[in-house]
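I'd like to ask some things about the structure below.
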Amino acid sequence: MVTFGVIGAGRIGKVHTESICLHIKNAKIKTLADPFMTEETAEWAKALGVEQTVKDYHEILSDPEIDAVMICSSTNTHSPISVEAIQAGKHVFCEKPIDHDLGKIKEVVKALEGSKLKYQVGFNRRFDHNFEAVKNAITAGKIGDPHIIKITSRDPEPPSAEYAAVSGGMFLDMTIHDFDMVRYLAGCDAEEIYVQSAVLVDPAIGEAGDVDTAVITLKMENGAIAVIDNSRKAVYGYDQRAEVFGSRGMVATANDTASSAVLSNADGITGEKPLYFFLERYMESFSREVRLFVEAIEKDTETPLGVMDGLKPVLMGIAAKKSVEEHRPVKLSEIAF
Amino acid sequence: MVTFGVIGAGRIGKVHTESICLHIKNAKIKTLADPFMTEETAEWAKALGVEQTVKDYHEILSDPEIDAVMICSSTNTHSPISVEAIQAGKHVFCEKPIDHDLGKIKEVVKALEGSKLKYQVGFNRRFDHNFEAVKNAITAGKIGDPHIIKITSRDPEPPSAEYAAVSGGMFLDMTIHDFDMVRYLAGCDAEEIYVQSAVLVDPAIGEAGDVDTAVITLKMENGAIAVIDNSRKAVYGYDQRAEVFGSRGMVATANDTASSAVLSNADGITGEKPLYFFLERYMESFSREVRLFVEAIEKDTETPLGVMDGLKPVLMGIAAKKSVEEHRPVKLSEIAF
Amino acid sequence: MVTFGVIGAGRIGKVHTESICLHIKNAKIKTLADPFMTEETAEWAKALGVEQTVKDYHEILSDPEIDAVMICSSTNTHSPISVEAIQAGKHVFCEKPIDHDLGKIKEVVKALEGSKLKYQVGFNRRFDHNFEAVKNAITAGKIGDPHIIKITSRDPEPPSAEYAAVSGGMFLDMTIHDFDMVRYLAGCDAEEIYVQSAVLVDPAIGEAGDVDTAVITLKMENGAIAVIDNSRKAVYGYDQRAEVFGSRGMVATANDTASSAVLSNADGITGEKPLYFFLERYMESFSREVRLFVEAIEKDTETPLGVMDGLKPVLMGIAAKKSVEEHRPVKLSEIAF
Amino acid sequence: MVTFGVIGAGRIGKVHTESICLHIKNAKIKTLADPFMTEETAEWAKALGVEQTVKDYHEILSDPEIDAVMICSSTNTHSPISVEAIQAGKHVFCEKPIDHDLGKIKEVVKALEGSKLKYQVGFNRRFDHNFEAVKNAITAGKIGDPHIIKITSRDPEPPSAEYAAVSGGMFLDMTIHDFDMVRYLAGCDAEEIYVQSAVLVDPAIGEAGDVDTAVITLKMENGAIAVIDNSRKAVYGYDQRAEVFGSRGMVATANDTASSAVLSNADGITGEKPLYFFLERYMESFSREVRLFVEAIEKDTETPLGVMDGLKPVLMGIAAKKSVEEHRPVKLSEIAF
C-alpha cells in the first residue's frame, strides 16, 4: 500500500485525488494540501477517504507515514516542491511540466542523482487507450520502420489572452503534450524542429506575444519525420489524433465520442462530435499513469516517464520558440541544458 | 461482335442503349424500336451509333443481321416478346421481371426448351461492386457457412398510388430485386417466406391495396435465415445494404456516396447521403450485366441469370403476397408453377 | 444515503457490489449475503467498504438499517426473494429476469400492490451510452415516427448445452434483453411475434431442445415493425447494435471497441473487434441503472424499469417459444397472465 | 463540336483518347500522332472513332480542321509543342507539367500573350469527386476561413532509380500535384516553403540525388498554413487524402475503395485497401477536365487551369528543392521568373 500526499486541490489535483481514492487498489491518500483549502473541498476529500486536509504542504513532506507526493500545484512551484520532496525522501509524481526553466529542471535532475526514489511526470496521454494502441502496433512491428508521424492536437476553446501571457506560450503549455507523444511514438528524441505558426484564432493572443495555430516539423533521431498540427480552437471539439506511417503499413486513430450513434436524415449522415473536454477524453489515462507509478514504487522499477522524459518536451518547446523567433529550423543540440 | 436490337426506348431502354454503344466492346445496336419513338430520341440514338430507329419491334425480330434482342418494353409485354424473339431465333436479354403471371413465364420457359439460345434476366444488382464483393467473400469461404442474411432495401421516394396499383404490388415491383439478391447471396432457393408488413408511408398506397413497409423473413434451403427490410421512403436517400453473418465471420456493405468528404463542425460530424437515384447507384451494373450476356453468346456458355432465375423471385413475390393475405409463413412449394 | 443489502456474490453480484461501493455517491452496502460466501470474497468485499458478509440473506431482510435489496441470486430465487423483501419493507433491485414462470412474477406484482416500495429490474442495456443515444434521438423527434426497428444481438460464445438446457431457452435467456430493448426503443408493447429459428452453431444445443440462431419479427402496438437477429456465436465478438428507421430519418449504432486504432497494410484496412465480453461492453450501464434506482428511492419517483417492464419481456419470450412450436405468428394477447 | 488532335499515344495519351471518344459529347479526335505509332494502337484508335493516326505531330498542327491539341508527349516536349501549337492557332490542353525549366514555360506564357486561344494544364485532381467536395465545402463557407490545410499523398510503389534520376525529382514529379492542390484548396498562392525530407524507402533513390519521403510546410498568402506529407511507397496502396481545418469547421476526405464491403472475423474488422493505381483512382477526373476545356472553347471563357496555374507548382517545386539544399524556409519570391 502506497500512502500519498497530494499537493494542490485545483482541477487536476481533484482528478488525481478521486482516482487514487476510487480506482487505485494499492494506494491511499493521507493528506491533501492546498493553501486555499475550502471547507467544501475538505469535506469532499474526506468523503472519498482522504485522512486529512491541510493548507501547508510541508506537513506532507515531514510526515514519515507518507511515501509519495503528487504535485498538482501551480506550474512555477513544480520544480522547487519536487526538490524539497526528494530531499524529504518522498517518491514524486509531478504534473507536467516540471518547469519552463531548464535551470530549475536541472535542480530536480541533480536532486535525484544517486537516489533510489521514483520520479514520474504526468504526460498522461501516453496512457490513453488510443495512443497506446498506436504505440503497441509500432512496437509489435506492424508498420515496420516509422517514416512519418503525424499528431493532430486542437483544443476546443482558446485560453484567455491573460492566461496565454503567463502560460509560457502555446508550445510549452499545449504542444508540450504533443512533443511527448512524438517522442513516445518515435521511440527516440527529436534532432531538429521547424515551426510555421500564426495567429488566426484570436488577435489578443498575438498581442500577448503568443501564437494560436502552428504546424511543427521534427526530424527524429531515427530518421523519421514528425509533424504536429495545433490550433487553439476547433469548433467541433477536442481533436486528438495520431497517424504513424511506416515501411510496412500505417496505424491511425480517430477521436472518441460519447456514443457511436449516427443519424441519417435529409441533411446528411451525422455522427457525434469528439468528446469536448480533456477530462472526459483522457479520464482513464489519469488513473492508469498513477497505477504505473505505484507499481514502479512497489516493484522498485523505473517509472514509465522519468525526469528526463519531463525535461525533453520542455527543450523541444524552447527550440520551437527559437524557430519562430529566428524563422529557421533549430537543432535540439542548440538548446543548452 | 454481337448485333443488338433494343425494344423500348424508355428510361431503362436508354440506359442500355447508351451502355451498349459506349461501353460494350463486342456489341453494337442496329435497331432501336419504340411505338412512341420521338424525333429527339431517334437523333440521340443515331449520335450514339445506333443504325436505325423504328416503331415496330417486329422489324428487329425479322432482321437476320440481329443476333440478340434487349427487351425494355412495358412489363406486361416482356414475356410475349420474349417468346416471339426466341421463336425468331434471337438471344434475349429481358428486363426484370419476365412477368408477374407464372403462366406467361412458363411459356417463355417452354419456348427455350431444347434451344441453344441465350436468355438473361436483368437483375442488375448482382453486378454491383458492393454486392459482388459480399458474394465473393462468401464464395471464398471468408465467413464460413452463412447463418443470417440481411438485406436493407429502401427507396428514396414512394411511387404514386396509381403506379402502386398497377405495379403488381411492392413485393413484385421492388422486393423482387431483394428476393434475387437473397438467392444470389445464399447460393440457394428459399423454402418458406413470412411477411410482416404495414402502410406507414402513404395511406393512398394502402387504399390502392398495397403496402409500403415490410420485414420479410425467409428460410433458405441451406438452412440459413434471411431477412429483408423494405420501405418505400427513406428521407436520406436510396438505402441499399447487405450483411451476411456466418460461422466464421460477417461481411457487410455500406451505401455509396458521391464523395467521401466529411464535415466536422459545431453540429456534428457529417458525411454525404447515399446516392439518391437507382441509376446513379447501379449505373456500372447495367453495363456489366450486358457484358456478361455478350460473353455468354460469344463463348456459348450459360448466362449468369437464366430464365429460372427470372422465375424464382416472382414465385417468392407471390408467396409474400399470400403470406400477407393469410398472415402465416408460406412455403414456396405451395405456389404452383 | 441508501443502505443496500446485496444477495448473491456471483459474477453479477460482484459487479454491483463494486459499482455501489465505488461509483454511487448516495449509496453504501451494509451486508453482502451468499450461501457459499468464501473468505476471499468476504475480504474483497470488506476492502471495498462492505460492512459485513453473511451466508443467510434473511439477515438482510430483517435488518432495519437496510433500505434496499439488490437480488443477484440464481434466477429461480428472484421472485420468491422479491416477495419476501417487499414483505420485509425493502425496496428491491432485481436482476433480470424476475422469473420464467408467469405465476411467480404475478406474486411479485401482487406483493407490490398498494405498496410505496420501489422495484426495478436489471435490464441494464437501456442505460448503455449507445442505446440511450438511439432512444434520445427518437424521443427528440429526429427520426419522426419509427417504422422499422432492428436489433442485432449476437454472443461471442455459445453456452454449454448443459446451461442451455436449464436456461429457459435462448429466448428467455438471451433474447429477453432484446425484447426489452425493442419495447424501450419503440416506446410501446409488442402485439405479435413470429420466429424463424435454427440450430446452426452447435448441434448439442438442438439436442438440448433449444435453438442458437433466430430472426424474430415483431409487430408493435404503434404500428412499427421490429426485427431481432440473434446468434449464440459471432467469431468476431459480442455484436450489439440497433438501427431505428422512421418517417424522418434513421439512427444506428456500431459496436464499441477498445480503441479507435486502424491498421492499414498490404492485407487491408483493419480496425479492432468489438469488446468481447458483456461486462466490458456494458460496464457503465450497471452503475447507471443503480444510480437511477437510488434516485427513485430518494425522490420517491417511479423507477425507470418497474415490475411490469420485467414481466413483458418474459411474456414475449414465451410467445416466441410458442411461435417456434406452432410455426406461426403468435399474438401477445394469447399468452395468459 | 471541338475537333482534337492528340499528340502522344502513351499511357496518358490513351486515357485521353478513350475519354474524348467515349465520354465527351461535343468533342471528337481527328488525328492521333505518335512517333512510335504501332499498328495495334492505330487499330485501337480507329475502333474508338479516331479518324487517322500519324507519326509526325506537325500533321496535326497544320490541319485547319483541328481546333485543339492535346499534348501527351514526353515532358521535355510539352513547352515547345505548346508554343508551336499556339503559333498554329490551336487551343492547347497540355499534360502536366508544362516544363521543369522556367525559361521554357516563359516562352509558352509569351506565345499566349494577346491571344484568344485557350490553354489548360492537366492537373486532373482538381476534378476528382473527393477533392472537389472539399473545395465546395470551403467555397460554401462551411469551414469559415481556412487555417490548416493538410494533404496526404503517397504512391503505392516507388519509381525506378533511373526514372527518379530523370524525373526532375520527387517535388517536380509527384509533389507538383499536391502543390496544385494546396493552391486550389487555399484559393491563393504560397508565400514560403520549408521541406523536411529523407530517403527512407529506397537508398538507390538517394544515390540518384532524390528523396522519397517528405513533409512540406507552406505559408499561404491568405495566412493559412499548409502541410503536405509524401512517400514514394505506401504498402496499402495509393493514399490520397485532404483535410482542411478552419475557423468554423473541418472538411476531410478518405480514400476510395473498390467496394464498401467490410469483413468482421477473428482477426478484426477489415475493409478494402484504397484503389491502388492512379488511373483507377482518378479516372473520372480525366474526362471532367477535358469536358471543362471543351466548354471553355465553346463558350469562350477562361479554362479552369491556365498557363499560370501550370507555372506556379513548378515554382513551388523549385523552391522546395532549394529548401532541401539550403535547409531553410524559402520564399516563393526568391525564385526568379
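Going in written order, the chains are labelled A, B, C and D, and every chain counts its residues from 1.
Criterion: contacts are C-beta pairs under 8 Å (C-beta built on N, C-alpha and C of every residue); 3 or more make two chains touch, one makes a residue touch a chain.
In this text the structure is predicted, and so the values were computed from the model without any measurement.
Asker: Count the C-beta pairs in contact for A-D and for A-B, then report the pair with the higher count.
Answerer: Answer to which pair has more contacts is A-D.
Asker: What chain lies farthest away from chain A once each centre is taken as the mean of the Cα atoms?
Answerer: Following the centroid criterion, the farthest chain would be B.
Asker: Could you tell me the distance, in whole angstrom, between the mean C-alpha positions of chain A and chain D?
Answerer: So the centre of chain A lies 43 Å away from the centre of chain D.
Asker: Using Cα averages as centroids, what's the distance between chain A and chain C in whole Å?
Answerer: Using C-alpha averages as centres, the distance is 40 Å.
Asker: Based only on mean CA positions, could you tell me how far chain A sits from chain B in angstrom?
Answerer: Whole-Å distance between the two chain centres: 58.
Asker: On chain D, where are the residues touching two or more other chains?
Answerer: 234-236, 248-250, 263-266, 272, in rising order.
Asker: Would you tell me which residues of chain B are touching chain D in their complex?
Answerer: 22-23, 129-130, 132-134, 137, 142-143, 248-256, 258-266, 272
Asker: For the complex, which residues does chain D have touching chain A?
Answerer: Result: residues 145, 147-148, 150, 154, 192, 194, 196-198, 200-201, 213-215, 217-219, 223-225, 227, 229, 231, 233-236, 239, 245, 247-250, 327-329 of chain D touch chain A.
Asker: For chain D, which residues are in contact with chain C within the complex?
Answerer: 234-236, 263-273
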